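What follows is a single structure, and I will ask about it in a moment.
Letters A, B, C and D name the chains as they come in the text, with residue numbers starting at 1 for each one.
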Amino acid sequence: MSPTLFWIFAAITLGFGAATLINRNPVASALSLAVSFLGLAALFTSLSATFIGIVQVLVYAGAVMVLFLFIIMLLDLKAEQRRQVRLSALIGGVVIAGLFASQVVLVLRHFPKGNHEFPPLSLPHPDAVNIGLTLFGHYNLPFQVIGVLILVASIGVVVLSKRELN
Amino acid sequence: MLTLLIAIPLVAAVAILLGACAKKTALAAVAANLVLTLVLLVQNYGAPGYQATASTPLIPALGLSYSVGVDGLSLLMLLLTAIVGFAAVWVAPHPEKLERYPGLYYACLLFIIAGATGAFASLDLFFFYAFHELALIPTFLLIGIWGSGDRITAAWKVTIYLALGSFVLLIGLLALYFSIPEAARTFSIPALQTLAAAGSIPQTPWIYLTILLGFGVLISLFPFHTWAPQAYASAPAPAAMLHAGVLKKFGLYGLLRVGLPLMPQAAQHWTNLLLILLVGNILYVGLATIAQKRLDSMLGYSSVMHMGYIFLGIAAFNPIGLTGAALLIFAHGLSIAILFAITGFVRDRTGSLEFTKLGGLAKPMPFLGFTFGLAAFASVGLPGFANFPAEMSVFFGTFAHAGDGLAFSNFQVAGIAALWGLVISAVYMLRGYRAAFLGETGKRWVGLADLSFCARPAIIFLLAATMIAGFRPQLLVNLVKPTVKGILQNQTSLSAK
Amino acid sequence: MVTLNDYLLVSGLLFSLGFAGVLLRRNILVIFMGLEMMLNAANLSLVAFSRFGVANGLPDYNGQMLVFFVITVAAAEVAVGLAIIVALYRAKQTTHVEDLTSLKF
Amino acid sequence: MPWIILFAPLISAAVIVLFTQKWKNLSALISIAAVLVSLAASITLFLNAPDSAATATIPWLDFTGFGVPFKAPISFTIDGLSKAMMIVVTFIGALIHIYSWAYMADDEGKSRYFAGLSLFMFSMLGIVFANNFLMMFIFWELVGVSSFILIGHWYFRNAPAAAANKAFICNRLGDFGFLLGILLVWVATKSLDFEGIKQAIDSGNAPFLAVPAFATATVVLLFCGTIGKSAQFPLHVWLPDAMEGPTPVSALIHAATMVAAGVYMLARIFFIVKISPDAMQVIAVIGTITAFGAALIATQQNDIKKVLAYSTLSQLGYMVMAVGVAASSAAMFHLFTHAFFKALLFLGAGSVIFACHHEQDIWKMGGLVRKQPITFICFLAGTLALMGIPLFSGFYSKDSILVAAYEHHRILAYFGLFTALLTAYYMTRLFVIVFFGKAHTEAASHAHEAPVVMWGPLVLLAIPSVIAGYASIAGHFLPVPEHHGESIVPSLAIGAGVIGILLGALLYFGKAKDPIRIPLLANKFYFDELYAHIIWYTQDLLARICAFIDRWILDTAIVRGLSSGTWATGFVMRFAQAGNLQGYALLFGAGVVALFYFILFIK
């Protein structure tokens, strides 16, 4: 992938991610997040991980986002009222996050190995084939366990959101 | 035999918790213990080395085994435990008079006795330590549930303080264990003593210091003594008797059993420090005792002060001094037990122990007044009681360390301070005795009842024990002689190398 | 030329953004979104490393497997988390974190 | 035989305490029987046993098994010194037991009293027989205990209880020095029994004792024992207070025997004392100060027993002075005679007090000469003996001391003579006020003679009070110092006595109130007040400081400080747990950042 496209998608991802934070309206936040995730899916694809990219679109930009919007609408949330912003918390948050980001930058600056180009691939099969082989071969047991986890989660959701019968 | 000695109070305690008649079961158990101890004493009197040994390996990988055995010193301690335990259970209030959990009360007493017995009979470092810890928990319960005054604070204070002391001790013991070459490591005390005699135990000063301070906290060595007066003032009488009389002596026993024999040369390193601290015990705490305004806290402080004399004997580290220390452990255990028992009775009757409120109690309560006087005299070291020969031995042992030329040695200076302590102890004991028992009887106390006849034998029994030891101290000297010789042999064989 | 470090930089910044969201926003739903962003940022670096560690011409699929599992678990987590938020909202009529302080001393 | 003498009283004490507390008269009889057995055995021993008879010993404390030279058995020294003392103790003891039968007839604590007397007899005889320092110290302490018990006999009154404590603590102070001295002797000679010490000193095996400073320190420390027990200056304050005890006790313990134990001890260890001339100088000076000071105080006391107590102090001062001037035989001689006449005086005083319904103030008596003729005569004999009038025992013994002092150090002798004058003066004062003139109170006018059980012992004591000083009689018991040639001292002493008597008679005959008031003397030189202040400002202040430090600094600031520090940390940390989710997250993030910083950026 050309650097131009990469930077465009990276800008979309980060830009809409920032928009998620900045928007006061939760609906707008959720939609920004969806766009951010779409950009991320594009980045995945650019790394030749097409399967993961598609899953990302399906699960996050699709299912999870729908869920978010659904809940927002269910709860009938208005735009956040202006509350007294605690300056200390604001500064603390910005400083910590900024420090973290700068640490990341510093670490990457001292990671010369990462400055090489990605090695070329030669895929005999499509990506999904290899993933399927690995998933159902080596990672079969965790895969089943994940299935159980999702089952438990869905039952849990039902129990949690069931209205109390008076 | 020894296992039986440990098991009887444990079984009795469990039986009481399950609903057996508390007082009778407990009394039967301690009486059986007393008889067994006397049998053991007669059988093994004066025999060198460890007798009546029994051993069961538990975790061979760690070299851990349950092993018991006695020599002269531990026999002396077991005798003390049996005598004071018997008296303590005897003077414990009747179960029906206890407001809360009478069964638990007696079970706690028995657990303390079992713990002390186990600690004194163990030949394995692990059990030696663990049995003592076993006895701390019931002490906490006894003070916390049935104590008087600010009992909750006192219970927490003593427990946390002693637990910290035990923890320091544990560090010291573990450091000692790991300082031994790996192939030779063992928890068995006799094996360790053999190692020490062969010079295989590194004589690291700081390890001994840790052990000394750990034991020191348990014995209320100055300046780690502030737990004692408060705890003894709050504890119910039998608990105070057992703790001050027996359990506190675990630390001293530990020094004589583990500290000195295993690290005689490291011990020499800290002699001057120990001398300074023990003079603090005698003079500083002694003076603080004079200023006490309550009978129970005065006795608590006095028991701290007398630890100084025992430390003096240990610091002297020669035959007379060590024997004197062993004798004084025994003698002080008995005398302080009597004093605390009587104080408990007085508290039951008057509800107050402040000197300004008491006075002239000997008139309505002649028996208590008389026996308190005897015990007070015993505690200030008058002849006829066991404390006197013990203190004399300590002094002579101290002065046997001649100074350089005409100058006094550090030992002798400490000895002179300790002699002055005799004056101090006479001052506070007699002031206390006079304030509480002599003089004009306050109007409130005129009609008080003296001790009932069924409770008297316990006091008489303790007094008789201390007087027998006072009239024939040689019996006890001969009892601990092999042990003392053993300790000193380690020292001489090491310094020869 | 796009290098591994570029991806990692994007991943790190996205993570920081998500973290800032968790720290700064009061709406619990948005905080939740910030969490999702952090997860995805981690996913991005995982995939990037997977693509970087090529052997025999194939990417390291172990990394992609991990991403797969993360996505799955995250989905389950979102479902449960949102259900909890709904329950909370029913109990307290708010989604504002500063009103949800019952977990203190 | 010595075993019987020693242990009969102990058995009696034990039996009384254990079994016969309820039956008072039986207890008294047991005690009297025991002392009579002791007396009989003493006489037999005195007549039969050769000196230093080897006797069986009980090992009491023995470390020779460890290879250490420490051995303290219970065993006996039988020599002239101990035999004379034994006779004095058992004889006077027996009389006083009998006297007490009547004096204490109505007392509730009679059993306790007689048990105490028996215990005292046991302890005193133990001191007499002791052949080593530790045994002596054991019994030394035991007489202190029995003295405590007997002074505090009426423990339910405040004054006796306080006096008992004072006596015991003063004795303890003396014992501090005594025991230290014993320890030093042991360090120097590696021996505790007197024979062994003597051998070590004679054979030069005690290098330390050859050093003058060490020897002086040792002897002065041993002398501390005497200062405490024989109530010498500056620890004399307990003896007058000890008069709070029953009068027979004052006679036996605080006049005749126990207080003399200090002098006896000095005589027993004279072979050590004489090593150090400096220390003897100290002893002589202390003795002189006591003798003179006590006599001065006695001139202004109004309590009959206090007067006698101060005269006892004064006489003990003489004895100590005698030891100090190297005349230990003179000291023992005076001890011997003094025991009889002072016991007599106290018992006489007891008889007077008894007759006046336990009134002790001499200004409330008077005119007793006709009411108590026997007491009067006996008291007169005792008084004359105490004054040192020729033909009475006190004259000879006091003379031998003064002669020795005169040869040794004139100034001491002059003080001694002046003391003799004062003695005659205050005894005349006492005698005149009590027995002559008019009865000053109801009680005194109704007084009558004491029962025979009481005056019998008086008569029996009056006889030796007169004759015990004759060399022909005393020589049977102990070596009597001989007068070497002519000396001016006896005539001076007689002169001093006569002046004192005349002065006293002139001033006090027929007076109903004291014509002389010297507050300094009446208040005993303010010693009690001085000591109270000293104790208050040293010991008690220190005690309060220590208690304060212990309570507030060690316990509260450090121990409680540590625990409250832990608690306070927890309390402060609690505010971080505000339930604020983002607060937690912030801290968590800060932690992560910090962790990265430490892991990655610190090289």
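Observations
FYI, a contact is a pair of C-beta atoms (placed from the backbone, for glycine too) under 8 Å apart; a residue touches a chain by one contact, two chains touch by 3 or more.
Fair warning: this is a prediction, and the values are worked out from it, not measured in the lab.
When chain centres are taken as C-alpha averages, the shortest distance to the whole-protein C-alpha average belongs to B. Taking each chain's centre as the mean of its C-alpha atoms, the one that lies farthest from the centre of chain B is A. For the pair chain A and chain B, the distance between C-alpha centroids works out to 69 Å.
Chain C has its Cα centroid 6 Å from the Cα centroid of chain A. As a whole-number value, the distance joining the C-alpha centres of chain A and chain D reads 100 Å. Centre-to-centre separation between chain C and chain D, using Cα means, comes to 94 Å.
Within chain C, the positions touching two or more other chains are listed as 19, 23-24, 26, 98.
Contacts with at least two other chains are made by residues 89, 92-93, 96-97, 100 of chain A. In chain D, the residues touching two or more other chains are 582, 586, 589. Pairwise chain contacts in this structure: A-C, A-D, B-D, C-D.
Those residues of chain A whose C-beta lies close enough to touch chain D in the complex are 89, 92-93, 96-97, 99-100, 103, 106-107.
Touching chain D in their complex are the following residues of chain C: 19, 22-24, 26, 31, 97-98, 100-105. Of all residues in chain C, only 1-10, 12-21, 23-27, 29-30, 32-34, 36-37, 40, 43-44, 47-48, 50-52, 54, 57-59, 61-62, 64-65, 67-69, 71-80, 82-87, 89-90, 95-96, 98 touch chain A in the complex they form. Against chain C, the residues of chain D that register as touching in their complex are 574, 577-582, 585-586, 589.
By the touch criterion given at the top, residues 582-583, 586, 589-590, 592-593, 596-597, 600-601 of chain D touch chain A in their complex.
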